[in-house]
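Just so it is clear, A, B, C and D label the chains in written order, and each chain counts residues from 1 on its own.
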Amino acid sequence: MARIGWGLIGGGEGSQIGFAHRASAGIDGRFEFLAGALDADPGRARQFGLSLGLKPERAYGDWRQMLAGEEAREDRIEFVTVATPNVTHFEISKAFLESGFHVLCEKPMTMTVEEARALVEIAEKSQRICAVNYGYSGYPLVRQMKAMVASGQLGRIRVAFAEFAGGFMADSADADNPRVRWRFDRAQAGVSAITMDAGIHALHLACYVTGRKVTSVSSDFAHGIAGRELEDDSLTAFRMEDGVIGRAWASGLAIGRTHGLTLQVFGETGGLRWAQEQPNQLFWTPLNEPTRVLERGASGLSDAAERASRITVGHAEGMPLAFANIYRDLGEVIASRQAGAEPDPLALDYPTAEDGLHSIEIIHAMAESAGNGSRWTNVP
Amino acid sequence: MARIGWGLIGGGEGSQIGFAHRASAGIDGRFEFLAGALDADPGRARQFGLSLGLKPERAYGDWRQMLAGEEAREDRIEFVTVATPNVTHFEISKAFLESGFHVLCEKPMTMTVEEARALVEIAEKSQRICAVNYGYSGYPLVRQMKAMVASGQLGRIRVAFAEFAGGFMADSADADNPRVRWRFDRAQAGVSAITMDAGIHALHLACYVTGRKVTSVSSDFAHGIAGRELEDDSLTAFRMEDGVIGRAWASGLAIGRTHGLTLQVFGETGGLRWAQEQPNQLFWTPLNEPTRVLERGASGLSDAAERASRITVGHAEGMPLAFANIYRDLGEVIASRQAGAEPDPLALDYPTAEDGLHSIEIIHAMAESAGNGSRWTNVP
Amino acid sequence: MARIGWGLIGGGEGSQIGFAHRASAGIDGRFEFLAGALDADPGRARQFGLSLGLKPERAYGDWRQMLAGEEAREDRIEFVTVATPNVTHFEISKAFLESGFHVLCEKPMTMTVEEARALVEIAEKSQRICAVNYGYSGYPLVRQMKAMVASGQLGRIRVAFAEFAGGFMADSADADNPRVRWRFDRAQAGVSAITMDAGIHALHLACYVTGRKVTSVSSDFAHGIAGRELEDDSLTAFRMEDGVIGRAWASGLAIGRTHGLTLQVFGETGGLRWAQEQPNQLFWTPLNEPTRVLERGASGLSDAAERASRITVGHAEGMPLAFANIYRDLGEVIASRQAGAEPDPLALDYPTAEDGLHSIEIIHAMAESAGNGSRWTNVP
Amino acid sequence: MARIGWGLIGGGEGSQIGFAHRASAGIDGRFEFLAGALDADPGRARQFGLSLGLKPERAYGDWRQMLAGEEAREDRIEFVTVATPNVTHFEISKAFLESGFHVLCEKPMTMTVEEARALVEIAEKSQRICAVNYGYSGYPLVRQMKAMVASGQLGRIRVAFAEFAGGFMADSADADNPRVRWRFDRAQAGVSAITMDAGIHALHLACYVTGRKVTSVSSDFAHGIAGRELEDDSLTAFRMEDGVIGRAWASGLAIGRTHGLTLQVFGETGGLRWAQEQPNQLFWTPLNEPTRVLERGASGLSDAAERASRITVGHAEGMPLAFANIYRDLGEVIASRQAGAEPDPLALDYPTAEDGLHSIEIIHAMAESAGNGSRWTNVP
């Protein structure tokens, strides 16, 4: 197994997403963590990098230093993860792609549709991978859903319901908390709060699993805490290619729905239900038959689900292994390119810049619809 | 306990709703089942009535005979349940109310808003009870939800999500089945299929539990089986009094969601979740605290829930006991009127013609919105 | 449908088991509630009987008056339910059987094995039905389990795990509460507390569903609250006919297991799991296949389950309908006898005095084993 | 963070436990994977080691070579994980401990009580850590249970129920499958099959969470497939220090209980329930209050649970992160020793050789009791 040099931008000390990326990237032993600019504060960035075992000259103080430093090395890293604040995703990803690094960018990939389009073009021109961390798509049973839809086990798809509800934004006492407040400030957050933060994952899953794009939307953006400029609860009717009827709910007010990301897909001959909080079971109901509980790791699943499943059936796999599947896919594709070989088709399953762009397009169309009395609005 | 003579119209042999009404009305021993017109076929109506122990002269062949027959008796019944096809609800309920009988009508109360308004007026003028069988509101933990909202335990209510999803209309092979087909025929079904059939319960629960009316709606009516004139899947954003944000989904395409009626209510200081399929548990999450599982019949619940709860905690109560709570309320109120006494305020909890009217108004506004590109539409 | 006169002994005002019997007996309209001795206090017994609509001469003050009164009537009741304190079950049931009434006795049928044997003989000699209210066996999906075992869908049965755990006896503050204290007094409770009170149901279900008797037991009886003479927690290994391996746990200390009656049955080719708290779903796992969720009321179930299922799939049925199935069976069998006809074989499914006897034998063997260092002890 | 050289014995290509150890050991970046003897076949062992990035001279062909090779190096590894077949655990662990390496041994630590005692002594004499991979004790909510018991939140503990049930040994067609057959061969498996393989985890959790040892047992060992020499289903009553009443069930016949490891603990003032298949929720019922659902990662948990919880509340953590907690504890303790510092007391939470010994003692006592008609047998 060829090893690949990897770097991380953002994800400083105490950051859980930073831990998740490091843990997930390391799980298969494919990536060597060689460089980082891990904190907005240069001193803390260097110190945390050192504490994680980076060499002093590669524990950078900021991403520009890291870009310059790695460009100058013969043994430069090949692949970088961008886990910085949203407003910086575009600039950093662009710079690294243009300098020939592969990039995995946290979601949302960019703030605007224009930036997202630009990134797709840059990735294409530079012939580098630009992936987006819709990490939930790495769950084995999400991949099982996709495989079942693709193989026709549900017949023609009729309805997809994508939901992400939690109490993330429900505490009035947090209204002035900087961790929460920026999400409702148009200057920092753009056109959407909860939909861009959480709903985007549910929408991506709906597209990923059905293999369809969203074509038009009718949205209601509302807020339950006075004074907010952006929505903390949104409901969207949409249509997908081939006439799939879509429904999406995103809420930050749903106290008790801890991390309520769920996807339901209903076709002519069956229905599927999956919930992120119980990710090792998938509920499949064939038409006029009892519901079946598909267990991650059990025999009889699709090739994609078997490949994504790492430990014995009945054990719990969680988010780090889902992320690790994204990393493994990327590692295999990068290694195949280096070797001039074709990658395993199953590895071409990571979310791409095109997926990142489509999500941004959807959410901007949703915001436009919401601003126009829920008028149906096309997604370009 | 004063006993009350009761009759049933519709609910013939093999009808499950008929069984449910007879079983539920009988549970408290308040009502004597004395008269019936139980089938559209006069012969079967009489025969089935006899088999249930009705006296020959009160096992009527149709509701007009029954109305005439009972009007003429000194010992006439006082209260009648109307469980006939939807298009006949108005005519029958009107006739019995005008003749001085109390009425419990199956939902939907009428086909049109005008009929519903008329029934409200007739009930008022005749000083008779006209109730509507939103039977789910008889579940003890639904009443607990209402009491918790009313007492302020959730603070100001922000969001209500009302859902009724099942695979009722998902089998293409049923498209020509008369049992299903009429629901998509505007002449027989009116303006809506799944929303009028199932969504109406979820909407009623949202109003019942929050104590608020719906003020405006934006709806998407869609169908997943070609050729249907009416919707088999609808999504609705709505607003309620006091700015409550509403979301409603009704689907007949949701294979595997057996009888998926759920209600979620989120306020400033807590959230509640209840599902009809597991009706003996209510999930309550106070802000920043662990979710609590409230068990029907446990100590510490509201007076309304304790009163509605009939058997020991931990046993399952189901739909017939929920219906029985509606019947018990009606029995107590009727008996109090006879006695010239004030009824227990907790008994005034059954769904009324006003509730029936409001639901019809909502669904007609939804259909109008759906026909106008999901434009926001006021509910009168 | 021939109607049958029915009486109730015990189950006074506020008694939940009394409510459950009256509600359940009434559900199918088969039984007319004509006589009762509803309370140990004669005055309250009569008054409560009157309030429930009994005629003054049949609202008896005690069971002996009732026996004498009904014997003397031409229109005497035919069938009586005994829901009095355990120590009186034998005497009352015996008296009514010997006078030609059919009897449904609450569990435990008697205090001793000798009494139980006597009752079986009396029932046989008198040619009257003596049934025991193991009401959980009326749940449709329990009957489905039995049918699946009987039809061989699980292959040879290997293991049955029967459990009834709750916090019924866990509150130290209740130690002196008369409602709890008598259960630990050998004079009133006999040889066992929690096992006789709760475990007996689980054991009956194991026998009912597998169609096997228990042949030997090794039990540990323990108590978690000092000073108790009898067990509040028992664990039992047992064997059944045909070598079925049995496991049983009964606990009154299990705070949080609200009413934790569950049954698991494992055969060569599949496993079944059912829990009383979610009685409308049965989990069936065929060997090497995904678990299936069988829904009460769905198509494809056994004849016995379909017959026992009363309302549409997806609605909740609860304990009163389970009891009602026992009553319906009894009603059909009694009516068939009156008519000189053969009853529907599916109606011969109610728990009999033989079942009551077997349970008592098991629990006495368990107590003996527990008293002998968990020595394996044969059940006669 | 000081990095620690680590090696792995066993866990060859395709081995899931090998993957789990490598992934878990790598998650915190504490350990460098420097040496391995990964397969019983020397060629495959070396090749797989190379493919994982080991240097050629440290990709050993067998554990003896590895021991010799590492002993000879200045930069030798400090810590080794033993994930080989059970019969080799003792010999390998002993050899590495005696040569000054820290050891994490898979369970069961040894085949006999004598070996286990020897290993405890060797670890003590060599002043090296000998840990046992009861990996489930690394789950944050298992640690929460332990903390709640220790802090008295449940009052005096009355009952512990430990269960591990699955269909692992249920397929008759596997009877001759070498993967299954050896477990029932006394020569290879020792005194027990399912209890030593699965039950041992449940028993360890009961001891770990309650902080008590098992003092005596009464066991029934049974088998459901003819011809097996050892049990595929066992039930055990036991007692723990301070009179805790214990119950344990281990089954390999339980088709449908995918990986059914659960622990229930009941005290004077509350009960706890946890299931390995849904490891991110813990059900806590305070006496006479509603059940609370404690979420991994939520605020308000114990220090031990917060420390063990790595990612945001609501995400799923699974088995690799549980194992990673064991590795992190070991890493911190080893690093503290090197630094001559006191480790964080919370890190002293990994399962030790003493725990490994106690489990072996329990299971040997269980086998003895089972062989003596379930006679109560003391654990030394």
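Quick note on the criterion: a residue touches a chain if its C-beta (ideal position, glycine included) is under 8 Å from a C-beta of that chain, and two chains touch if they have at least 3 such contacts.
These numbers come from a predicted model, not from an experiment.
Chains that touch both subunit B and subunit D: A, C.
Looking at A-D and A-C, the interface holding more C-beta pairs in contact is that of A-D. Note on chain placement: the centre of subunit C and the centre of subunit D lie 42 Å apart, centres being C-alpha means. Between the Cα centres of subunit A and subunit D there is a gap of 34 Å.
Once the centre of each chain is set as its mean CA position, subunit A and subunit C turn out to be 54 Å apart. Counting partners per residue, subunit D has 284, 288, 291, 295, 298 as the residues that reach two or more other chains. Of all residues in subunit C, those touching subunit D in their complex are 158-159, 161, 167, 170-172, 218, 220, 222, 224-225, 233, 235, 237, 245, 247, 249, 251, 253-257, 264, 266-273, 283-288, 291, 373-376. Those residues of subunit C that touch subunit A in the shared complex are 284, 288-295, 298-300.
Across the interface of their complex, subunit B is touched by residues 1, 3, 16, 19-20, 22-23, 26-29, 33, 51-53, 166, 258-260, 276-280, 295, 298, 310-321, 324 of subunit C.
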